[in-house]
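Each structure below appears as structure tokens.
Below, chain A partners chain B and then partners chain C, in two separate complexes.
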Partner chain A sequence: MPKQGRYWISDTTLFLGPAILLLAVFFVAPIFVNIVVAFTDMSQSVRFEDFPTTRQFNKLGKVNEEALLGFELRGSFYRALALTGTFVFFTLFIFNLSFALILALTTTAVPERMGAIFRAIWLLPRMSPSIVYALLWLWVIDSSERGLFNQVIMAFGMEAMNLRLNHPMAVIVIANGLIGASLGMIIFTSAIRSIPDHLFYAARADGAGSLAIVRHVILPALRWPISYITIYQALALLVSFEYIFLIMGPSRSTMTMAMLSYTKSLAPEIGGGQYAYGAAIALILIVIGIIVALVMWRLANMKALLQQPRIEVR
Partner chain B sequence: MKAIILTTAAALITCGTWAQPSLAEDVTVKLWARADRSGPLRAGNIVDAADQLNRAFEAAGSDTRIKVDLIETNAAGFDADALDLLKAHSVGDGPDIAVAAHEWIGTFVEAGFAANLEDHIADNAGLYADIIPQLWESVKYKGDRYGIPQDSEIRMFFVNNDILRKAGKSEEFISGLPARVEAGEFTMFDWCDLAAEAVNSGAAKIGWVHRPNVGPDFQMAMASFGIDIYNEDEAKLQITRSGLEKYYGWLKYCVDNGSLPADMTTYSWDSTHAAFRGGDAMGKFHGIWNVGAQMESFGLTGPDDYFNKLTWIHAPAGEQGGQPKNLSHPIIYVVGDTPKKDLAAMLVGLASQHVPNTAHAVSTNHTPINHGQTAMPEFIEKGWALIAGTPMLKFAEFMPNHAKIGQYNAITYTGIQAVETGEMGPEEAADMVIEELEVELGDDVIILD
Partner chain C sequence: MATVELKNIRKAWATAMAVDGLDLTISDGEFVAILGPSGCGKSTTLFMLSGVYLPTSGDILFDGSRVNDVEARHRNVGIVFQSYALYPHMSALQNIMFPLRFQKVPDAETRAREMADLVQVGELLDRRPSELSGGQQQRIALARALVKRPNLLLLDEPLSNLDATLRLTMRAEIRRITHELGVTTILVTHDQLEATTMADRVICMNAGRIEQEGSAEDLYLRPRTLFVAGFIGSPPINLIEGKRPELKLSGIPVQSGLEDSVTIGIRPEMLKAADHGLPATVSYVEPMGRETLTTVDTVIGPLRMLEAVAVPRWRRDEQILLNFDAEDSMVFDTSGKRIDGANVRLLEIPGA
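Right, the complex of A and B next:
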């Protein structure tokens, strides 16, 4: 073997080995295990007798030749899909994109130190343990007159509201959105900071107002970060259940796909222990995630972002 | 120098002592128990039993010593704990003794975890002859006994008498309530009407509360509406559409008349307890082990004081002339099918005797497992509530020892959520629940009518 080849192997092992191992153990293996388990009948006793079987998928839908796609989804699964779509759409567009953008624009428009303080405050919920964040939410939206939200609206002469009962989707969208907006805020802020100052001066010299600067200078520069945040956050929200579970519990009104998978497999006291069933739901979630990612990749033309630079300056 | 030599010598001697081979034979028994404020002695009694056996060994000049390796888990409830236990068992790390809720027996046997105790019980009749026979039913799976009951309880409806008095109810009405429930005159609908009356008169803020999550309590309300959830002959779960519609119809009635909070299923346990113990709710649907906490929060001092403040009733009948119901939910010892199962079973036998079991029962408000315990002075003095509750057992039902009962309860609970929050009507909820039961439980559930 030529000397160079030997080095190549040892260098690859040395430098890429840990990363490959990490990917294999924590990313590839769980998906592989999930696929295998989804096609078994594994339940509480953690053993399986039947493999491969599509029994779990039959719980989610059934073949119906009259239906549009040749199969018909079961009520609870259809509902979970619809709730997931609503949850992801509203959280993503209202908070993770729009609100993050507003935060980035406003905190970069004010003096730098003040902007940094505001951004740090928005990051606080991210830094605190999720259980603390959820607990604060539970106190805020408590349905009694003691709840902070109710105290505020009652001060304006309104009647106390039970948000968890009457507006559950709004609760989980806002709770997830307020914490999720911080990622977009940071990415957008750094993108705005990387716009050369002379562009702003030139725009000002040409008589552009603040809105025109946002429209013609900043937004075009944010195209790639916005595409990236859209794809990344859509995927993250698709599988997110932490705050939904902590704030709403296993409530029917917020039983998204990720929550359904969790309650059927791992959540105690609420029918957990159906590992194969949970894995089947998770597998569908993985497939949906891949489709969503590919479609968005195409729509946002992410390939152009990641392609090799055509010129190289040495 | 002298000091160094002495120190070295001392160190060597110490090492020598440590290095000596141990002649004593230690046998370690692994005990799996959930850390639970409502029953610390479930584990403690096993440890005491081991100490007792060790003293016998010592007296006999034997070097054998039993050590109990306590695996105290922090699972949120018995269901979560059972799932953890099954995971441990599946990787060969199962315990020799486990404290569990009885309805898991079926799953434990199917998973190969629980040992059949029929021979042990027959060989040691002296240890088990006084156990209340009905309790054995709770540990049977396919006709054989796979556990030893450790305690039992009675679940019922608690009523706050002071709220009834404030709502203008007479003492005769209050004292006559249990008898009217037993006679089937006072129905589930009357219960909600009474609670609504208490709310409307301003005597109570909330009519009544039930548990805020999936659990066995609902079974007795379902039974009141004629739903017999277990078919013993076929060892299958079952449901009736008409019964389910009546049951959900009743819940809707209670929410609509303002006696049951529409968001009951989103309450936390803390707020559920606080609603009743804080004097806001007229009624609560729970178990006898609440007595201690109720005494404390209402500031009560003894039995007379207690029954002046609170009344116990069964889950009333669904309709006039029907039978009231209540539920008992024994916690049991399960012996793992391990090489140490005989020793483990002996420890369980010793821990199930009158004195240790009474210590557990009276300190945590659980009913006894042996007939003789109710005659013990300690029981009469401290267990007055349990003695008062024991006659209620004549209407008691147990949860079926079926592997899918947890799933069954979780699915019927989604119907409760749907009806109470106003998402679905009773018929729609019954359809949804029956579809889910058919799909998820398949052959394990029989759908009647």
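Right, the complex of A and C next:
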């Protein structure tokens, strides 16, 4: 509803200018730079001679007339894609959604103070430096008999395990999930708190038990928060590599796309410095992210959440 | 349908006693209103009846059997809330059918539709609550509360969110429906008009206790306490504190020593302009349609006078004389109890 007034352009600039500037500098420009670099041969010397070139993409896949989509992926890249999918799917659904929902439901069902204490505990890892969180995990899963996990299972008569070697994906899914669940927990908790008390009373008087109340009163009220967390966390996990790197290092067993991009470009001591190659991987990640976001946006009908502005700018 | 008994019910919160020793018996099919100001414990009482709150002590009996430990969902009580509390994501029909889902009723939809017809929302059943007006939501909420044929229907300020005209219609509607079904009903309200127009019996509560129970006219004409006299009646009663030389008290026990510290109550409509009486200056005139409310200043303080005239008889600053009949006055002692048989009349003031 733009109104053509004398001040329209100046007011619009005034209101949207800062936000547009921030977006341009910190979001659009890096993507643009990334696209350019992805089509060069930039390496450790930070110079490039060849532009445009698809050399970097050739490292990831090659043209094959007989393949389904006209190209086939190289082994390491295919593996990175599969690991990313596994990592995102399990972390998202087991922890960031299901576990967050369980935390929100249980901490809102107990008396307020106790619930607040439990939620604060779940927030602790988020508040502590990630290096500390990763270090604690390294102690827990230490492959020797001193590792906390091994001490526990040995108390039950089982043999010590080397989790990093034998169950690397489980380690990074759980480590990321336990810290990631707190965001969903907070969002879901506030959504549950905003359901009027009378609705709960009415449901109980209508004969609903606890499970029926969760199903018919709470879950419908969480429809939008769940959609939001799903989209937001899926995108966040897609590019997340911090804890994977801190716990697993540049291990091949957990080399997701984000990790691959990071190790190829920004981890010089372990063979990095291949900036163009890293950028090419990041570019594919951006494209996947955009597709995932658009598809989920559509599926969740997030458009229905958009509202007319409440303050009118002339 | 059930009789309901409350025996010495108390409910204590961390800092306050919400309900303090409530005794109440409601017979089968009766329509009772619990009336009181906010914070008097009436809603707490309702939530204890429904099973949402547990009483701190005392017994709640439905048809003679104790239900204190029976969960809300097994008490078979229907509630209508002030906010309607309809499930926002369900259609009107699904809302009405919701209680039947837990009773495994075979012909749930037929029963829900019958109930919808009874409350006259049969043609709105596909809509969501957000697409319904306040009055329509109210009717859906009523149908949802009644569809499982509850032992007891609880109404928590059901009309407070409706506009004045709709309130008038819904008052009669709720009365008709509950009468038709013969369901025992308890209405909780702070609105005396709602209570007195709908209920067979009104229970007036204050500070967690019952002040007085009885018919609407009992409470209005024969209040037993200062609180009831002050709470019931609109515009409110005139209260004059302490002994005044212009007023002659009678009927007070001789040795009681109450003469100086009583409170005198006179209803606004009992005050009349007269040839002789208390000199008064008109300070404010409020035409209210059928009646006119006039506020006057006198030596015993400001008084409200309600006259059944549409056209105001007095103008601001006009001097008039007021009088009233002794039997229309009430006298309350220091503890707020009415002194039986005591009344007051105006002394003739020489030269007035």
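In this text, the second predicted complex is superposed on the first by the 290 of 314 C-alpha atoms of A that agree within 3 Å, B and C clash if a C-alpha of one lies under 4 Å from a C-alpha of the other, contacts with A are read in each partner's own complex, and residues count from 1 in each chain.
Keep in mind that, in the parts below, a residue touches a chain if its C-beta (ideal position, glycine included) is under 8 Å from a C-beta of that chain, and two chains touch if they have at least 3 such contacts.
Bear in mind the structure is a predicted one, so any value in this text is a computation, not a measurement.
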Fit-or-clash call for chain B and chain C when the two complexes are aligned on chain A: fit
Touched partner set for A:T53, first chain B, second chain C, both or neither: neither
Contacts of A:S98 with chain B and chain C, given as first, second, both or neither: neither
More chain A residues in contact - chain B or chain C: B
First, second, both or neither for A:S45, with chain B first and chain C second: first
Which of chain B and chain C A:S130 touches, first, second, both or neither: neither
Angle at chain A between chain B and chain C, C-alpha centres, nearest 10 degrees: 150
First (chain B), second (chain C), both or neither touched by A:Y277: first
Chain B versus chain C as contact partner of A:V217, first or second or both or neither: second
Partner chain in contact with A:T86 - chain B first, chain C second, else both or neither: neither
Chain B versus chain C as contact partner of A:R74, first or second or both or neither: first
Minimum C-alpha spacing, chains overlaid - chain B and chain C, in Å: 51
Common interface residues of chain A - those touching chain B in one complex and chain C in the other: none
In the complex with chain C, residue positions of chain A that touch it: 196, 198-199, 201-209, 212, 216-217, 220-221, 223
For the chain C and chain A complex, residues of the former touching the latter: 47, 50-52, 71-75, 77-79, 81, 83, 85, 87-90, 98-99, 101-103, 144-145, 148
Contacting residues of chain B [partner chain A, same complex]: 75-77, 79-83, 86-87, 89-90, 107, 110-112, 213-215, 262-263, 265-266, 403, 406-407, 409-411, 413-414, 417-418, 421, 423, 432, 435-436, 439-440
Of chain A, residues touching chain B in the complex: 44-47, 58-59, 74-76, 143, 162, 164-165, 248-253, 263, 268-274, 277
